[in-house]
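This is the structure I have questions about; it appears just below.
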Amino acid sequence: MLYDIIAKFDKKLHFPVVMAHCDIPCIVYDPIGAQISVLTIIRMVDLLNELKAKPSLTLDEQAEFLRLVNQKENHGIKVKEEISVIWGDYIKAPQLAQYPELHELVHNIMLASSQAKQHISREAAQILLQQVNRFAEIFWATKQIATFSAICPYPPEESLIYPNLQG
Amino acid sequence: MLYDIIAKFDKKLHFPVVMAHCDIPCIVYDPIGAQISVLTIIRMVDLLNELKAKPSLTLDEQAEFLRLVNQKENHGIKVKEEISVIWGDYIKAPQLAQYPELHELVHNIMLASSQAKQHISREAAQILLQQVNRFAEIFWATKQIATFSAICPYPPEESLIYPNLQG
Amino acid sequence: MLYDIIAKFDKKLHFPVVMAHCDIPCIVYDPIGAQISVLTIIRMVDLLNELKAKPSLTLDEQAEFLRLVNQKENHGIKVKEEISVIWGDYIKAPQLAQYPELHELVHNIMLASSQAKQHISREAAQILLQQVNRFAEIFWATKQIATFSAICPYPPEESLIYPNLQG
Amino acid sequence: MLYDIIAKFDKKLHFPVVMAHCDIPCIVYDPIGAQISVLTIIRMVDLLNELKAKPSLTLDEQAEFLRLVNQKENHGIKVKEEISVIWGDYIKAPQLAQYPELHELVHNIMLASSQAKQHISREAAQILLQQVNRFAEIFWATKQIATFSAICPYPPEESLIYPNLQG
Amino acid sequence: MLYDIIAKFDKKLHFPVVMAHCDIPCIVYDPIGAQISVLTIIRMVDLLNELKAKPSLTLDEQAEFLRLVNQKENHGIKVKEEISVIWGDYIKAPQLAQYPELHELVHNIMLASSQAKQHISREAAQILLQQVNRFAEIFWATKQIATFSAICPYPPEESLIYPNLQG
Amino acid sequence: MLYDIIAKFDKKLHFPVVMAHCDIPCIVYDPIGAQISVLTIIRMVDLLNELKAKPSLTLDEQAEFLRLVNQKENHGIKVKEEISVIWGDYIKAPQLAQYPELHELVHNIMLASSQAKQHISREAAQILLQQVNRFAEIFWATKQIATFSAICPYPPEESLIYPNLQG
């Protein structure tokens, strides 16, 4: 019943051209923000694991511990936001036709971000990185931009998917 | 190639139980926040249309105009956030099996929120309301809570889907 | 002396009609946002008490501990914000004449929110819930909307005051 | 009925000492933040009135206009926040016994902030300043700190209540 | 006199090793966030200039106008934040010895960001881009990473300084 | 090469007058916000040191511990923001000519804020206070306002630089 009303509106409104536009419209999208946030999560996990290796923590180290967990948390939130903005604003019918996996992939990134937030686990963080890299790969492909994989130029020195801009 | 690595991780990690949990885990989810934001958008559109009816705007009315547009904008962002949090944290495999339309519906809510942000259009805002109401209907159904439709008890007096808690 | 100047301004300005309007004016107010935040605080307390029952916490559990405390903190802030917005924007002379307890009640909600933030205490959180429920009861009464009490449809399954919209 | 339950809790909990503490507890309170925000509102109104004096606005001036209105808006929100934090965290039974006008004054500051947000009106902004200055006067009095009135050392060069710290 | 006290503290504390660390310590720094924000500013200016070309604006176009100005504003703030975080957390004595221009350059970026916020001016935005690109060039040089200049793969298709990661 | 392009723009644009204006332009600047944040940091350190004196912490005290560290963290961020806004918006060529130490001082405040965030150290916090006080001293001097030093009228009762407004 609800859908009947929507169908009626669709006929009345005819937004086809607008629907192909983005939110502002036409903001500058780039998955690099999400990718850097995942790298930060991995870096926080590495620093947290250094603390885990100690037999016990002083109060100063506990303060450091909570700053690291908070940063991991914030960047988990940022990954979710950055990816869902690109998905919700830029990904439209043409991109979905080309890459039908996109809904599933984005949803998996949400779940994997939660995992990375809930655990101090390098593996959970790396699963998230693979998924966000896959998203970046698809994103650039929808724009006909070739990509390459390279080690990011700072810790945690993980492989990232970059657009190939050197021609 | 990327997916091979993910598959390898999946075997190593075995997160099946964890995957069924939510982000904190187990925060209190409720679509009413998103629904109220859509009502606010509709209310802002109604007030904006009152300004539109005037032949010209004084600077004071232009200030009111921009406050209304900013509120509409902020609540458009809030709808996107509230819905994608529930979708990304609460919606898992069991809910998706029951309601395979969920990915598409949530994506449409993102697009419709953008429409509501970009236009001063009661119809665009009402399409968004239908979709968010449909999301609420599914949300409560996944929890075996019956719902009913009622006029919300404040302007803009639109129909909202509420959980039936009076037994 | 200061008040003399205000009195002078009051005579000059004559804002009586405007004073009866709300901030935007006429945003969509609803105490449910504050009520859900109190439920979240209670839920966090319950999860924190599960951790408290353990003889000692691993670093992973300490990370969970701080995520729960942070969520409790954020929702304590949110209760304060949501209630003081309704109080500061919607509650005017007519509502105060009808319910002279409102200033005291809102101030007590501020103090009780601080208690709930400072302690891991189900009782402190429940006192806050009673007060916020009382605020909701008054809020709906000022709009001539009948209310009922029901168990909220998710953990922590506490009684909430809802507007009766089913007629 | 609700209050019966609260009374029961009160007996059980005995928070008297804690109730006399502030939120963190014991954060550094100072009304100067709210006072500076009111000055900013007045400054924005003065700059907006300069634009109002022009026969028409270019698009560049309209952009300036909206930046000024947005700043006025943000500082209106900030006044409300700063004052309600001091009221909700610091003002307790002893201060209320000494200054029974406090609830009314704080509520009037909320209403006057809304007025200052809704209008481009120097008078509305100045009423807010008088009220916030009165709040500052009471605040310092509850701490046995003498105050004085002086012109603030920057535009809009309005009188502010300052604590007398020079002995 | 103040500096005497600081000097005394410096002798007492001996923070030399710590001083060489960054804020968390060791967060993942990258100037690309600031660079993308400048591109967004330029894009907003281009869209604003399209509106400027029209003889007059409907209310719907005025709403679009204010959304574009707000985005430009937000990204002006973001440029300032991103650059001052890298400057304040990563840039230490060694980098300053190598690039004594850094303080001046960062300060000029602050001033140029303000210009870009205050004006609808492609030239002001492009001056900002040159400065932020220069900052990126120095940043990568301090890490011994070669850079190249390339057209960014989306509107406004301006030249950006990228790290050369393809070896 | 980049600088050649900037030089070219400079000739074309001639922003000299504009360059002497501030961001909005002409917002109300005051270093007191940064100073109060440093006092809050010192206060948090004092409360944290009380916890440090205990042989071990209960979970409730650990919750208090993390609330204190988070507040210290937030105010460390606030100091950085408040100072860099004044530096980036108000400090221009004339102020730099008068006080060439300003770039170095502001950069040191960034580094000292990081120290105060990373450590539970009264000395680190006090170094930050000296630097922020020095900044306040210069700020008021650039406006030809005399200053005095006085104990702030609340804990932690440290010396602050205030503008002398009593004539």
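Each chain carries a letter (A, B, C, D, E and F) given by its place in the written order, and its residues are counted from 1.
The definition used in the following text is that contacts are C-beta pairs under 8 Å (C-beta built on N, C-alpha and C of every residue); 3 or more make two chains touch, one makes a residue touch a chain.
Because the structure is predicted, anything quoted here is derived from the model rather than measured.
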item: Least hop count linking chain B to chain E through chains in contact; value: 1
item: Each chain counted as touching chain C and chain D at once; value: B, F
item: Graph separation of chain B and chain F (steps between touching chains); value: 2
item: Interface with more contacting C-beta pairs, comparing A-E to A-C; value: A-E
item: Farthest-lying chain, centroid of Cα atoms versus that of chain C; value: E
item: Distance between the centres, which are taken as Cα means, of chain D and chain B, whole angstrom; value: 34
item: Euclidean distance of C-alpha centroids - chain B vs chain C, Å; value: 22
item: Where chain E and chain F are represented by their mean Cα positions, the distance between them in whole Å; value: 20
item: Junction residues of chain A - those touching two or more other chains; value: 24, 62, 66-67, 70, 117-119
item: Chain-to-chain touches, reported pairwise for every pair that qualifies; value: A-B, A-C, A-E, A-F, B-C, B-D, B-E, C-D, C-F, D-E, D-F, E-F
item: Touching residues on chain A, where the partner in the complex is chain F; value: 59-60, 62-64, 66-67, 70
item: Footprint of chain E on chain A - complex, ascending; value: 24, 26-30, 32-33, 36, 39-40, 43-44, 47, 67-68, 71, 140, 143, 145, 148, 150-156, 162-167
item: Complex contact set, residues of chain E against chain D; value: 48, 51-52, 57, 62, 65-66, 69-70, 73, 117-120
item: Contact set on chain D toward chain C in their complex; value: 2-3, 5-6, 9-10, 12-13, 15, 18-19, 21-25, 80, 84, 87-89, 91-92, 103-104, 107, 110-111, 113-115, 117-119, 123-124, 126-127, 130-131, 133-134, 137
